[in-house]
Amino acid sequence: MTQMTVNDAISAALAEEMRRDPSVLIFGEGVATKRRDLLGEFGPARVRNTPLAEGIIAGTATGAAATGLRPVIDLLFAPFLCYAMDEIVNSAGKLRYVSGGQFEFPMVVLAMTGAGWGVGAQHNHNIESWFVHSPGLKVVMPSTPADFKGLLKAAIRDDNPVLVFADIALGYSAGEVPEDIDAIPLGQAALRREGDDVTLVSYAKTVGTCLAAADRLAEAGISADVLDLRSLKPLDEGAILRSVAKTGRLVVVHEASRLCGVGAEVAALVAEKAFASLRAPVLRLTGPDAPAPASFPLEQAFVPQADAVVAAVQSLVHGALAA
Amino acid sequence: MTALPPVEALESMMLERMMLIRAYEETLVDLHGRGRAAGTCTAIGQEASAVGVVAALTPDDLILTNHRSAGHLLARGADPGRMLAEVQGKSGGYCGGKSGSLHISAKELGVVLTSTIVGGELALATGVGLSRSMQGGPGIVVCFFGDGAACEGRFHESLNLAAVWSLPILYVCENNQWQAFVHRKETMTADGVAGHAAAYGIDSAVVDGNDPLAVFEAATAAVAAIRRTGKPFLLEAMTYRLRGHFEPDDQSYVDPGELARWRERDPVVLLRRRLERDGLLDASAAARMEESVRARMEAAAAFAEASPYPAPEELTRDVYA
Amino acid sequence: MTQMTVNDAISAALAEEMRRDPSVLIFGEGVATKRRDLLGEFGPARVRNTPLAEGIIAGTATGAAATGLRPVIDLLFAPFLCYAMDEIVNSAGKLRYVSGGQFEFPMVVLAMTGAGWGVGAQHNHNIESWFVHSPGLKVVMPSTPADFKGLLKAAIRDDNPVLVFADIALGYSAGEVPEDIDAIPLGQAALRREGDDVTLVSYAKTVGTCLAAADRLAEAGISADVLDLRSLKPLDEGAILRSVAKTGRLVVVHEASRLCGVGAEVAALVAEKAFASLRAPVLRLTGPDAPAPASFPLEQAFVPQADAVVAAVQSLVHGALAA
Amino acid sequence: MTALPPVEALESMMLERMMLIRAYEETLVDLHGRGRAAGTCTAIGQEASAVGVVAALTPDDLILTNHRSAGHLLARGADPGRMLAEVQGKSGGYCGGKSGSLHISAKELGVVLTSTIVGGELALATGVGLSRSMQGGPGIVVCFFGDGAACEGRFHESLNLAAVWSLPILYVCENNQWQAFVHRKETMTADGVAGHAAAYGIDSAVVDGNDPLAVFEAATAAVAAIRRTGKPFLLEAMTYRLRGHFEPDDQSYVDPGELARWRERDPVVLLRRRLERDGLLDASAAARMEESVRARMEAAAAFAEASPYPAPEELTRDVYA
């Protein structure tokens, strides 16, 4: 075990995969400037700065992926993906199918998002559900350094386009990473804590919120399963359904806005496939239907807090909402 | 025809290809008219630029094309039967019927990653060029696009990256004067797009797109330069779309005078007339050529017609690797 | 009452609103070519062809909306919005909030989508849920000529950016339109048919599918509420909840893919706020998680069919899924 | 100073504005260093281009800016207190604290629709230009952007539309040689972006961006041309970003020789030195100027510090009209 930040885990995964496979390369605005270590080890052909143009960065990755390379691109902040939607959604996501399976698109798109830096709505927008909704893509949004390392490795080895979103607030958070951690298969949720009374489903920074809430709930005699989705597409439906079958109660927590978010998908899944187990309404605690404000106190208020999770669970177990 | 000197042989071959493309698209129009094919874009009148550029390539080279792809595919040797089957959504098509007419790729021919998003092919071309340049080897990448696509910012992003990274890409703008229902005069202040190349340090040339030999020569020179320098090149072929944007189309918005002037310059007619006039093709040989092309098209249509629709389970196959 | 196609209803709404308000203008690729009548009546300053570049079309609309005009733009097919996401999402959707309310964005984005023309996945992609998920935008997707006319009029008068998606298959379908139809407020669902046993929620082309299914269910003695959402954002939560409170059963039907679609939102809403009324699992019938195929039989198979709706409802009422 | 002839009065005024901008950004750096402000982009070294361009405008004109906006705002007369409050996320800021430093708009000053998406302002500018041109009136639109923004396709889409529709837009590229962590040499083959204008039929000029008078003169001529013709113009100001991209930044990736050469050309120092040398500003007047600027900044910082954070209900206010 080593202590490592999320940022270091990402760097380590990149370096290891580039060592392992000479067809892996990385490019983006400032990638070669900021990743000096990779530039030093792998040279300027495989670690490249690009012009400031997300569309062509993503298009170049898509074209390269289909013809023998395994590009990783860093698009910096999630809202900048708005300039690369055609390349990601219409090309990387669809051209395998449209062509009748002639091409594969082994590529990874990295981007940051989430509250924490006060950078406002054009740098902080949790749009992961757009890509979950779109065919042909995979989406990963880990919460721990070990998962960042293992899931990024898997993403690089995957023959499909994978978006890896990094929550800004987690970048400098540290955690244990096994020395020899290998790729963690995409599509497996991690049960972070076990309990019987309620299932808390989350991903990225709000996993920590759920764990904090679970601590406090435990004091009140309520035990919670805390499920970290890690991979949003493929979604580990089995893990969600197993947990709800056990607890009968579900609260989904994420920072992204509520409408048509991942929480909606999880709730709908459970309302269909675990209906008979449900003992209470399914609740979602999410960011509001608003752009992310820059102002620190508002930015914090945007993100669901442990208090609210505790209150929601208590309403389900004891309160007016109990079935 | 083996006795002919090389250029004439090439010209005959180009004429035959152009006739094939023309016949293919006329077949499509006919199939569409009879309700046997979905709406589709033809490139009637633009055969010379497709044939002239593709004749300048070797099998190592890769091609990206767009919604108006039939000429590029057939020039590259695609089977018209599999193309028609694709347009009709049949399992025997190049993409198993999932593409339909708008985004046909044929990897086996090196026609890769066709996108019907105007500008889409320009964003992918740099990636294909990057693979080519990192993997070494002689192949270059040819990216066909329209004058309209040059209005999308991706055109510029693509040229810029290709210049900065020195990618071996031949950009071929088929300037057919139209961008769907809008004349290029309404969308740009210049007559063409080649004028943008210089600011990227990219060499360019403008050529009569209705003269296949002129296109071939310009493309040959450009390809040689790219193979030598590894740098991109922009070739603009001035041509004209003789039918409407999409079948069915009435062309009511087209200036009849302009259309008539370009009809006079129909590249298939011009080349055939010239070869006949110069005694390089006698009337009976030309007729035989036409007949063989028609016969191929009939066989192609029959193949497509007989090809079954995809099996229901194809609906969700090949979404993921 | 007049018989009118959806396309004619759209034209009529545009003409009437342009007559009503000189700040309304329309532009897009081929708009002036295809809308000769508008060009003739309102002239080339208000009816414009544009260069082929969706991003600048949307950006121009956004900038113009914030400074006194009320632009309508036609972006043709929904997947082309991928080139305009920054302008729609990051600018039109967010800059009101980001600026502390300094600007308004009265603009309308038109686009077509859906199965019917065999044009394949880069022309046919139902991405309405992306915009429902994004703050600051409104989303409309009508199913009848009258609604197209009334909702488009309301969209043009609205001081927020409104996306109006037109299902390709409905373009030439005709229906009754009252001569004097006025703007229909955004955010109100329409109950197309009343019943007691199940709620069918849908929008756009699959409303017809639900009505056909309801006919057949009636023969089997099952009566269905058929709710046409019409406006996806704002969503008429009240109408959905009222219906489910009555029927206790919900099936949501749409052509868009399942994951994080509007159906997920409706299901999640009901699983939270109408849980006590629910007598059966909530089902979603949607397009598959795949790009839209061009091939006619596959394209048809992509879209939920009345058979499947009937079977789903029967499984809820009689079958293994009944609670 | 009323006795001075016009140009010198203008130069003194410009110096004062440049000093104010410099002091503002130094205050920001200091606040950030003390944990009192979020990370932010400064434009230290670029004051002359902001001040020179804005001095050429009238109140009817509208300005679009980007993430590096302090110079443009202050040149236009923005209150540094409300700007600092905005950067600190306080309710007294121009946007009530919701923007923070990256997208400050001040409609009352005609600084509209600031986007921190690089290229974003270029796409909005055409719309503002369209309003201006349809509503008549004398105002034009100025769009400030960086050399990096010119790599985004939107730059080209914007120029093209402005040319085709004849929109009254002054495009001002502040070429500061850097695009965040990447030098423009890595992203373009030319030294600047003005070379793109000609292919759109747009007139352009390149000016020393560290000489406020040169910028002012070039901008004045450009604005006059736009008011006369209704057509767009592209002005490129060559300058340099003397600090890192974002606070905190160590500039370890910057070539020290290049940085040193540009430090020699610090526009505030150059102008002050020249005015003093030419006897147009005496040392004590300059010192008074500096002092008054410092005093304004102290008051501004105090205002911002005292401004409360937004009320909790602001979280969901102003999403919709």
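In order of appearance the chains are A, B, C and D, and numbering begins at 1 in each one.
Following the convention adopted for this analysis, a residue touches a chain if its C-beta (ideal position, glycine included) is under 8 Å from a C-beta of that chain, and two chains touch if they have at least 3 such contacts.
Since this is a predicted model, take the numbers as computed values, not measurements.
Asker: Would you kindly count the fewest steps from subunit B to subunit D, each step being a jump to a chain that touches the current one?
Answerer: 1
Asker: Relative to subunit C, which chain's C-alpha centre is the most remote?
Answerer: Of all chains, D has its centre farthest from that of subunit C.
Asker: From the C-alpha centre of subunit B to that of subunit C, how far is it in Å?
Answerer: One centre to the other, that is 37 Å.
Asker: Suppose each chain is reduced to the average of its Cα coordinates; what separation in Å results between subunit A and subunit B?
Answerer: So the centroids are 41 Å from each other.
Asker: Just curious, how far off is subunit C from subunit A if you go by their C-alpha centres, in Å?
Answerer: 29
Asker: Spell out, as numbers or ranges, the residues of subunit D touching 2 or more other chains.
Answerer: 96-99, 103, 115, 117, 119-120, 151-154, 157, 160, 164, 186-188, 319
Asker: List, in ascending order, every residue of subunit A touching at least 2 other chains.
Answerer: 50-51, 53, 55-56, 79, 82-83, 86, 90, 97-98, 120-122, 135-136, 289-291, 293
Asker: Draw the chains as dots and join the ones that touch; what shape do you get: line, ring, star, complete or other?
Answerer: complete
Asker: Mind listing the subunit A positions that touch subunit B in their complex?
Answerer: Residue positions touching the partner: 25, 45, 48, 50-51, 53, 55-56, 58-69, 71, 86-87, 90-91, 95-106, 135-136, 138, 158-160.
Asker: Within the complex, which stretch of subunit A touches subunit C?
Answerer: Per the touch definition, subunit A meets subunit C at residues 79, 81-83, 85-86, 89-90, 93-94, 97-98, 120-122, 125, 127, 129-130, 132-136, 233, 235, 256-257, 259-265, 267-268, 270-273, 275-276, 278, 280-284, 289-291, 293, 321, 323.
Asker: List the residues on subunit B that touch subunit C in their complex, please.
Answerer: Counting only subunit B, the residues touching subunit C are 38-39, 89-90, 96-103, 115-120, 148-149, 151-153, 179-182, 186-188, 253, 309-310, 312, 314-316, 319.
Asker: Of all residues in subunit D, which touch subunit C in the complex?
Answerer: Result: residues 62, 93-99, 103, 105-107, 112-115, 117, 119-120, 122-132, 134-135, 153-154, 157-158, 160-161, 164-165, 317-321 of subunit D touch subunit C.
Asker: Report the residues of subunit D in contact with subunit B in the complex, numbered from low to high.
Answerer: Its residues touching subunit B are 151-157, 160, 163-164, 186-190, 195-196, 198-201.
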